[in-house]
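What follows is chain A paired twice: with chain B in the first complex and chain C in the second.
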Partner chain A sequence: MEFQELDRDGHVVLAPHGRLNLVSAPPLRARIGDLIADGRTRIVVDLGAVESVDSSGLGALIGCLKAAREHGGDLRIAAAGEQVRAVLRLTNLDRILAPYDSAEEAGREW
Partner chain B sequence: MSGDERYVLEGFAVPEELGRVHDLLGRVSADHPEVDPTDLMLFETAVMEIAGNVVEHGLPPGEVRWRLAVRVTGEQIEADLRDTGHEFSADFGKPMPGVDAESGRGLPLASAVLDQLELARVDEGNHWRLARHLRP
Partner chain C sequence: MNARTGQVSDIGEETTSDLYGRLVRLARAVFAVPGAALTVRGERQPVTLVASGVGRESAASTEPVWRYALGTGGVVVIPDLGASEMFGPGMFPLVTPAGVTPVRFYAGVPVHSSSGETVGVLAVFDHAPRTLDSVQRQILADLGAVLDRELSASGELAMAGEVQQLLLPREPPDLPGLEVAGRVLQARDAGGDFFDWSTVQGPHGTRLDVVLGDVMGKGMAASLVASEMRAVLRTHARYVGVLEAVRRTAETTAADLARLGRFVTLWSASIEPTGRIEYVDAGHGLAVVASPRGPRSLTQDQLPLGMPVASTWAAAHDWAAAHDVLEADELLVVVSDGVFDVFGSIGQAYDAVQELLAPGLTCAGAVDAIIAHASGAGTSDDVAAVVVRRTPSDAVRRTPSGAERRTPSDAVRRTPSGAERRTRTD
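What follows is the complex of A and B.
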């Protein structure tokens, strides 16, 4: 999966597109891992162009969220579509990964 | 599965084929505007989880073949997935893992959105049956 990356003041926005699944989740996870290792621990994942996510994609997001928090940062998700919201709800992950309406809003206080 | 199987896919259960599974379900959706899009979306979510499970855990890796057939009846949307992998034992009663877990959500997620999820060992292969009732 290719994803856009925007370096904002204080945080980084990553925008994957298509399906976030067992094929595309590992490269996204690796890139976020590199960013965190470089001290860029405030991450926004803009899901506006992601049409669906599976359990592999969820696992990657949780892994990255934990890594970011362990390094003093956080991971926020934004612009989740209907399928992503449904899956977050069904897996109870909306409790720790509540989507922001937009990437701008997610990064506003960073 | 009896009746007309208008949507069938055969091939190797490898990551590159997941896109074809998605495309097949896209055709089902396009041909059935009468079906609630939410039902289709949740059913597709379950099918992609089971297909992903076969791709990820099917043995021997890269050698498992599958045949997926999808059918829409008046009452439900159903999928019949047969794979040639080693016997797979699935615990469909497993609860959804805690929020910190990085894996283990696939089967609980599929179970949560289906009315029927079964796995049987038939003719040296695994036979998965998935169905979601269509709400009137």
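What follows is the complex of A and C.
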């Protein structure tokens, strides 16, 4: 999967596109892992150009969220489509992975 | 579990039979012959699993050659059956039905199971005599080797799926006053959806413990986690109430789930014959009571199991149970998100659940209707459903359930899938 990476002041915005699934999630996860290892623990994943997220994709986001928090940072998601929001609501995962409307808004306080 | 996107991962979904079909078609194209077939040992006679071109009738008319090829160690090439010493006139002449052009050229390679047993032959056929050069013989041998690998991998996966199905409850619990049925249809040979039930002696008499769970991800890996979840939960549920059982299961499996990077949604309940329900919803969200007075959902705002709970984690939660009462005219329906996915909205899903109140529909019938609807709508996710209702205790209906029900009920609104594992080669 191709993903854009924008180095903002204080955080990094990653913008994958296409489908976030079993194939495309691991590279994203690896990249976020590298960023966290480098001390870049504030991550925004912009889902605006993502068509679909399957359970593997969701698992990768949760795993990255965990890694970021363990290193004192956080992971936020932005511009998620209605279906991603629906699954987050249903599983109550929106309690810990709150979707922001845009990448700008997600990174505002950082 | 899939993320309710309507779009599921488009990789790794190819079925075993698709792969066999492609290899047979490939063999036919590579050798530029009118027919190719993969024919395996059946219980009584050979079975042509897949065929391309005139492969099926060619395989049928060359069965003695298939038997011969099965017994050889490698590639068999018979340039002209009509002139061959073994199959020509006076030996084992091949009988070709009227209207079928006789096969003259036969080349085959035996294929093997994981245990090394010869199980079938991949063969190509031509109506004219010809031969294969050494490169072509090698290609045929290579195609056979690919099939060998595939057969052994799919055999093991199918076996894992069978074990998984056998781990599901097969018999309804012997508990007067409650009727329950459940079923899982895996998208692949094995998957992450599971359910379980058992009867437990509790402080208010015998109760029914029911759980439906969904492990994130699909296939073999998810099924292994599902087996662990089921075993741990069952172990605890025997001795403590549903709330404590979920709490202990969450704690017991936390390290494993964290290491695997997976999470699991669960809906777990204790139901008494009086209709009293105590339930714990761990991020599952898909339990509804269908009622003549309108549907109500039995959900809570708790997270799935396996959610990382680090010291910085505000969401570290203490589990809580909730309560409800199932009335005699109501139906408790718990499904996995593969079922929910086929509905456009929660409203549509509720409407469909309400239809399950149709008079005369048993729990097993309702489960069948749910599974048939989900698979008929083309979901590529695992689907699971458990349905519970009260029955007059003097007339308990014993409802078989589990894996092998295929008869769609009247409530089926779309074509039932028929097969228990949709992608499995039968």
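Basically, the second predicted complex is superposed on the first by the 110 of 110 C-alpha atoms of A that agree within 3 Å, B and C clash if a C-alpha of one lies under 4 Å from a C-alpha of the other, contacts with A are read in each partner's own complex, and residues count from 1 in each chain.
Following the convention adopted for this analysis, a contact is a pair of C-beta atoms (placed from the backbone, for glycine too) under 8 Å apart; a residue touches a chain by one contact, two chains touch by 3 or more.
All of these numbers come straight from a predicted model, not from anything done at the bench.
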Following superposition onto chain A, is the placement of chain B relative to chain C best described as a clash or a fit? clash
Looking at chain A, does chain B or chain C touch a larger number of its residues? C
So, does A:69 touch the first partner chain B, the second partner chain C, both, or neither? second
What is the contact status of A:96 with respect to chain B (first) and chain C (second): first, second, both, or neither? both
Taking the superposition on A as described, I'd like to know which of chain B and chain C A:52 touches: first, second, both or neither. both
Using the superposition on chain A described above, determine whether A:36 touches chain B (first), chain C (second), both, or neither. neither
Where does A:86 make contact in the superposed view: on chain B (first), on chain C (second), on both, or on neither? both
On the A-aligned overlay, A:15 touches which partner chain: chain B = first, chain C = second, or both, or neither? neither
Quick one: which of 127-135, 217-225, 235-243 or 361-369 on chain C sits on top of chain B after the fit? 217-225
Where chain A meets both chain C and chain B, residue numbers: 19, 21-23, 52, 54-56, 58-60, 62-63, 66, 83, 86-87, 90-93, 95-96
Seen from chain A, its contact residues with chain C in the complex are 19, 21-23, 51-60, 62-63, 65-66, 69-70, 72, 81, 83-84, 86-87, 90-93, 95-96
Help me check something: in the complex, which residues belonging to chain A touch chain B? 19, 21-23, 52, 54-56, 58-60, 62-63, 66, 82-83, 86-87, 90-93, 95-96
Quick one: in the complex, what on chain C touches chain A? 1-12, 216-218, 258, 261-263, 265, 283-286, 301-304, 307-308, 310, 312-315, 337, 340
Can you check the complex and tell me which residues of chain B touch chain A? 15-16, 18-19, 22, 38, 41-42, 44-45, 48-49, 52, 55-56, 96, 99-106, 108-109, 112-113
